[in-house]
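Chains here go by letter, A, B, C, D, E and F, matching the order in which they are written, and residues are numbered from 1 within each.
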Amino acid sequence: MSEKFEQGKPLAELHLGEAGVAAAKDSSPELLNFVVEHGFADMYTDDSLDQKSRKIATIASLVTSGRLPQLEWHIRGALENDLMNKDEVKALIIQMTIYIGYPSAFNAMKVANNVFTEF
Amino acid sequence: MSEKFEQGKPLAELHLGEAGVAAAKDSSPELLNFVVEHGFADMYTDDSLDQKSRKIATIASLVTSGRLPQLEWHIRGALENDLMNKDEVKALIIQMTIYIGYPSAFNAMKVANNVFTEF
Amino acid sequence: MSEKFEQGKPLAELHLGEAGVAAAKDSSPELLNFVVEHGFADMYTDDSLDQKSRKIATIASLVTSGRLPQLEWHIRGALENDLMNKDEVKALIIQMTIYIGYPSAFNAMKVANNVFTEF
Amino acid sequence: MSEKFEQGKPLAELHLGEAGVAAAKDSSPELLNFVVEHGFADMYTDDSLDQKSRKIATIASLVTSGRLPQLEWHIRGALENDLMNKDEVKALIIQMTIYIGYPSAFNAMKVANNVFTEF
Amino acid sequence: MSEKFEQGKPLAELHLGEAGVAAAKDSSPELLNFVVEHGFADMYTDDSLDQKSRKIATIASLVTSGRLPQLEWHIRGALENDLMNKDEVKALIIQMTIYIGYPSAFNAMKVANNVFTEF
Amino acid sequence: MSEKFEQGKPLAELHLGEAGVAAAKDSSPELLNFVVEHGFADMYTDDSLDQKSRKIATIASLVTSGRLPQLEWHIRGALENDLMNKDEVKALIIQMTIYIGYPSAFNAMKVANNVFTEF
């Protein structure tokens, strides 16, 4: 593993949980490698935004794009590592209806509700 | 104007600036009415998320969906009312490359850079 | 339940069926509340468009955005409450290929075919 | 010109206006050829849906996908050939907020308002 | 079957495999008819691009739009008929991260990995 | 400039042209840096796909996502550096109608036609 991977891995695990990183590796070790080195090591380490702000931004983006498997891991990581609580996640999904409408929000809330049962 | 509109209007102005609300009214008074009553009065008043967090979520969503005229007003409102500073906006757009790729991020950064020259 | 919810509920049930409204409530009572008050009570009651026209517009939008769980409920409601028949739904999905291509249309037709077996 | 093109051309002109068809030809004669033969001749001639219903579906789809140049021509054709009036177009765009949110609706309404000044 | 369908069918089978064409027919004979006549007969027969180039373009488009059932059939057809090999498909999906981000790429790679086990 | 940037820069210039890379730098030096290091140095150097195949994939993706400023630079780079000729670009855009419909294809063809006048 590269030095950059080692630098980004803790941030990836903070946001996706250890199980989330393992699942991503299982799905594609090459893509995991790139996203940890490029995304988490190079971008998430810029202190202009704290990790809670980055989590909010990521969830907003994934609700908007409808990429639900990733949304699930990012909500799980948020709750597991106390970056956000359930009420914050719900308020965020509700706010998104203004920008992308109700169907995307309902689909996201279903994912969130499933994760909520684990906590 | 309805009571709900009066309740939501200050939050709309906090996020879009007074000129942004005026521009939205000019574009469609009906849509402005609905978004202030439904969005800002009904949803942005839930204290689960503070207004800075809501701003971050909105910008992330608009960068993701590529709705650039609205992105422009939301960045302008963020800087005008000190919800975010320029470095935070830039770090947020850069983070979005992970989730939606570089073309959307470049287009958003161009909008942001134009707004930055006003401040 | 608010007065507005009571006003919008029959229109929500006309379009989604009673089971559809119940499923939406199960998924998120907050989102159902907002969509009934904001969407069905405030917007669907404007007589400029009749309910069949609104149904056509909704299905066209959901086929375009690929939000399939909502498409399923809206097709079911259309057939259940005689807003559209099967041939109209099929012709609408086929027309959409011009505007969004074949993959989205095939995915929508699969959803429609499943609902068709219930009627 | 093929027989199929001759068959589809009046329907293309009904929906886009003669100027709209000319503009499309100017932009790409090959694409115009294909869309008239495949879209208007093969699909719009199915009587399951009348031309007003097809117009509503098309506008809903274009508002949803944010393809604004085509939206402009389709609204112009709707008003020019009395398929829809201004109030119907406005009500349709407002309804779309439920399914795709306010930014797309504002952008569409701006296009519509510009076309409205011609009539 | 029309002459045009007969002309396009071998190209449809080259790209989707015989089972893919059968599955599409099962899903919607009307849509299959149109896509074979309009897409494969009218467009894929233009020699400006060879069939491998067209396959690359299709997979890039489907990864970008996230239309995963079609992506699956197009990857299967690529491997079955030697238009692309596994390494090429993987490199293509990885390249797409630049243009659309990691979530879409991960979802596509999962589809690809499932198809890879058949070969 | 980092070693990785130096490694990726010639590939970025092959695909976007020198003027395209300069324009991207002008728009955002940070984003250019990341896309050259992560995209062109790390991903485009994998020999599984040759540069013409990568160009085809990129144009297909940008036509699909409707990111037109980037499409313009990528078509210009393709013609400038003989990765594709005009007929190939046109055939590719026409093929995309199958997967994403005519509006996106018309918008892309307009961009392409403008670039074609330079060559």
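By definition in this document, a contact is a pair of C-beta atoms (placed from the backbone, for glycine too) under 8 Å apart; a residue touches a chain by one contact, two chains touch by 3 or more.
Model, not experiment: these values are computed from the prediction.
The chains touching chain B as well as chain C are A, D, E, F. Look at the CA centroids: the one farthest from the centroid of chain F belongs to C.
Among the other chains, A has the CA centre that is most remote from the centre of chain D.
If you lay the C-alpha trace of chain C over that of chain F, the rotation comes to 180 degrees, to the nearest 5. Taking E-F and C-E together, the pair of chains sharing more C-beta contacts is E-F. Annotation: 22 Å between the Cα-based centres of chain C and chain D. Rounded to whole angstrom, the centroid-to-centroid distance between chain A and chain E, based on C-alpha atoms, equals 30 Å. With centres defined as mean CA coordinates, chain D is found 39 Å away from chain A. Looking at chain D, residues 34-35, 38-39, 43, 62, 65-67, 70, 90, 94, 96-103 sit in touch with two or more other chains. Contact topology of the protein chains: fully connected, every pair of chains touching. Of all residues in chain C, those touching chain B in their complex are 34, 37-38, 42-43. Those residues of chain D whose C-beta lies close enough to touch chain C in the complex are 35, 38-39, 43-44, 46, 48-49, 53-54, 56-65, 67, 70, 87-88, 90-92, 94-100. Chain E contributes residues 96-103 to its touches with chain B in the complex. Residues of chain B that touch chain F in their complex: 66, 90, 93-94, 97, 102-107, 109-110, 113. For chain F in complex with chain B, the touching residues are 24, 27-28, 30-31, 34-35, 39, 62, 65-67, 69-70.
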